[in-house]
Amino acid sequence: MTKTNPGNFFEDFRIGQEIRHATPRTLTEGDAALYTALTGSRFAVQSSDAFAQAVGFARAPLDDLLVFHTVFGTTVPDISLNAVANLGYADCAFGAPVWPGDSLTARSEVLGLRENANGRTGIVWVRTTGENQRGETVLGYVRWVMVRKRDTSAPAPEPAVPDLLKTVAAEKLTPPAGFDAAGWDDALSGEAWRWGDYTPGEKIDHVDGMTIEEAEHATATRLYQNTAKVHFNQHTEGQGRFGRRLVYGGHIISLARALSFNGLANAFRIAAIDGGRHVNPVFAGDTIYAWSEVVGRIELPGHAALGALRLRTVAVKDTPCAGFPDRDAEGRYPESVVLDLDYTVLVPR
Amino acid sequence: MTKTNPGNFFEDFRIGQEIRHATPRTLTEGDAALYTALTGSRFAVQSSDAFAQAVGFARAPLDDLLVFHTVFGTTVPDISLNAVANLGYADCAFGAPVWPGDSLTARSEVLGLRENANGRTGIVWVRTTGENQRGETVLGYVRWVMVRKRDTSAPAPEPAVPDLLKTVAAEKLTPPAGFDAAGWDDALSGEAWRWGDYTPGEKIDHVDGMTIEEAEHATATRLYQNTAKVHFNQHTEGQGRFGRRLVYGGHIISLARALSFNGLANAFRIAAIDGGRHVNPVFAGDTIYAWSEVVGRIELPGHAALGALRLRTVAVKDTPCAGFPDRDAEGRYPESVVLDLDYTVLVPR
Amino acid sequence: MTKTNPGNFFEDFRIGQEIRHATPRTLTEGDAALYTALTGSRFAVQSSDAFAQAVGFARAPLDDLLVFHTVFGTTVPDISLNAVANLGYADCAFGAPVWPGDSLTARSEVLGLRENANGRTGIVWVRTTGENQRGETVLGYVRWVMVRKRDTSAPAPEPAVPDLLKTVAAEKLTPPAGFDAAGWDDALSGEAWRWGDYTPGEKIDHVDGMTIEEAEHATATRLYQNTAKVHFNQHTEGQGRFGRRLVYGGHIISLARALSFNGLANAFRIAAIDGGRHVNPVFAGDTIYAWSEVVGRIELPGHAALGALRLRTVAVKDTPCAGFPDRDAEGRYPESVVLDLDYTVLVPR
């Protein structure tokens, strides 16, 4: 009997099944330093203990996306080792902040299953939850992936497609406890724009571009202990569809977020990812640009110091964003667009 | 008089000579994060403080191979700066676990010397010992290297070849104090296989492959403060035997160990390296695969919660390991095999 | 109105203007590990808490150049986003040592302005000061850059060129408090040469070479949160003057300093940078070598355990330094020379 993990195939999943994932992970100042070095992120709250303390925190929390990638990484061997495509994310809410030294674990529940007409693959919906060592939820999200069947003659399950919210419910937005805008220093944070300065419909070109090297995306993806083969194995990928390794989509989210500092420097916390899609592949050598649209402004009852902004950030390869490259009226994306991320950030008022 | 270190040549070594090595090194959570990011290692004990605490440790210890590479790195300027070839390791036992914040130093004693018939080189055997700031041994091993003579007319020393053990003595296997298997959680560690589930003769294909980039191996090797020129200087190596930089053999050991998680996830501690050989060179762009053979199962008297497994892990380049590529009956390795590592790991029962 | 930072143009600067910079930054053991991994630095005081404690410090301080690059990085969005050329540094003194966990902020004062005859650019002199969370100065330096005008018809300011010292004043050299040479161990530090062993006029070839990869210099430069576009954006740089990304000059300073360990292992602290110039560009693939000249030996009154050495370290690409490649009698540098750094280090007596 083989001792290696073949991953789950479509017929291995059952509605309601709960999977606890390896490997648990303590995130540290070492991970924070690598996250900065690999993405170029510059948000002040995450960069400086002194700045974080001035606005009411015990110290600098870890970057929200470092937490996301770490939790996501644990799920790969169980959920997507036999995936054909990563189809989307929804209802992703960030909970308790994660501090250096926190130990995370993750589990997933199967929410939905639907075999495809070809009989060779099916779609699996899971809700993944990440917790810290105190049992507090740090992150929860729904993800759906297309997974191969091991045996095409296995019977199709009763189709069950979950009703996914297109917006993370307002009560799930969790402003971090203790935040005090009085100590916020716009000179140190990098910009003077506060919540009220952003207007729905407004578009921001984040201007800068960041080129990706193989060693960079692979190092980031290993940091998250994500084992998806397409990111690491040139020997097999070189013979595959693209002839080369694919960059982990989460690395693109991180680069787009880091680039968005230029125009959104005070959007210090991601409260939710309402939806997200990787719409074209990215390879080493590509240069990522990004632009954002302010979709809405959300009041946070009981949190006078903060407001939320609903944003779309679009990442684009090898094309500056002065013209805001976007999907067309039929929803088709140009080849240059690689990511369409719909999310909600917190900004001091 | 030149102030730079020319390194020791063959005739500079004397039997019994003891060399204390620069640079002492404190290993931290930063080094642990880099080790994960550069190798993709996923063993739960080293990844999570909470998991480590559940099995009886104060916190997550540092990876055994990070300790090995750090100690090894210190020896390069004194032992192998003028080496032609790194011939082998033996009798390598890991002692006290190393925790973030521990400061290591290392020293070597010359055990053996034998000039080669050509009169231009000789073989030097050294026993290297690494200690923490409390004077506890964290690692000891024998290594032999072929070193150039400075002056070919220097007289040959009396040949002295140490008798090397082919197996680290059982009493040198040091199970970490306080280990408690009751808290071991197979869902979090990644696999359910315990010590008794492995059978001598069993072979495991670790399936995955990892491609190496120049920036990755060079960054790992600098992390270990290893200064061997062949890994870093493209200007000279480009004119040399291979036309390019050679990947540090220790990086291959680390990749093979990280890949072995798939099938050996509960083998959480390397207790000993009984022997090891780098049998073909590795270059950036190569994809490393690995397979293991269970050589033996060792009882650990007084440690009811743990057993030891003697393993051979073979690393192979650009060739999947379903067929277990190996040396032939005459002991000759195919060009694809790059490492043959004979070592002993600890696994919960 | 755009929310993104266009950077300051020449006509935006005023003599006496003070700019407080984003992003504040806590430097940690994670940054220290990355600094070692990206540069190969091996100085014992910065590598080992135990060694640092033996010579009187509470623990290992962070590398002086990590501090320099971090402070420098914060200034880029305000000072040099529209720079054409980085012309030089002077009067750079290192103050309080920086320990893991310290939070740095930086500010700059405009010292001088002179429009160029072409009316399109001008030179800006700034004095930048970095402070820790206790308000202690950790670093101060003067830098001058050539900056584009936004509007070539904007009137030229009254020229004001600061008088720059060619030597950091002796009273600005700040030997770290508590240093005790009695605990200095030459075997661990790597060399036995003490302050009195260096002679003015002496030249040292540091022998080793280090090849630079794109992922390495970009990762280092992102670690410092330096956003200068020329280091990161292959899409635009590929169409520019060199057809490729330029390596951050500070990375070359770090590599030269790390290489200088071979011959200057006991020069454990940079007290001052008296002057420095990047005299030719460096690109990925280049191999950096270095040599140093002892310019002078400086007594430090009241610090019997330490002396200072004034050094010139010259970094050279793709050329070993046995012949000490240097500027000619007219001060012209060969194309191989990339850095001429004039600085002052502390060495135990």
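Going by the order they are written in, the chains are A, B and C; count residues from 1 in each one.
Criterion: contacts are C-beta pairs under 8 Å (C-beta built on N, C-alpha and C of every residue); 3 or more make two chains touch, one makes a residue touch a chain.
Bear in mind that the values here come from a model prediction, so they are computed numbers and not experimental data.
S.K.: Going by the touch rule set out above, what shape does the chain contact graph take here: line, ring, star, complete or other?
M.R.: Complete.
S.K.: Same or different, please, for the chain B to chain C contact, judged on whether over half of the interface numbers appear on both copies.
M.R.: Homomeric contact, different residues on each side for the most part.
S.K.: How far is the middle of chain B from the middle of chain C, if each middle is the mean of its Cα atoms, in Å?
M.R.: So the centre of chain B lies 36 Å away from the centre of chain C.
S.K.: Using the touch definition from the top, which residues of chain B touch two or more other chains?
M.R.: Expected reply: 28-31, 33-34, 213-216, 219.
S.K.: State the interface residues of chain B toward chain A in the complex, per the touch definition above.
M.R.: On the chain B side, the touching residues are 28-34, 36-40, 42-44, 47-51, 60, 187-191, 193, 197-198, 204-211, 213-216, 219, 262-265, 285, 287, 318.
S.K.: Help me check something: in the complex, which residues belonging to chain B touch chain C?
M.R.: 2-5, 20-26, 28-31, 33-34, 77, 100-101, 103-105, 133, 213-216, 218-220, 222-223, 225, 227, 229, 232-236, 245
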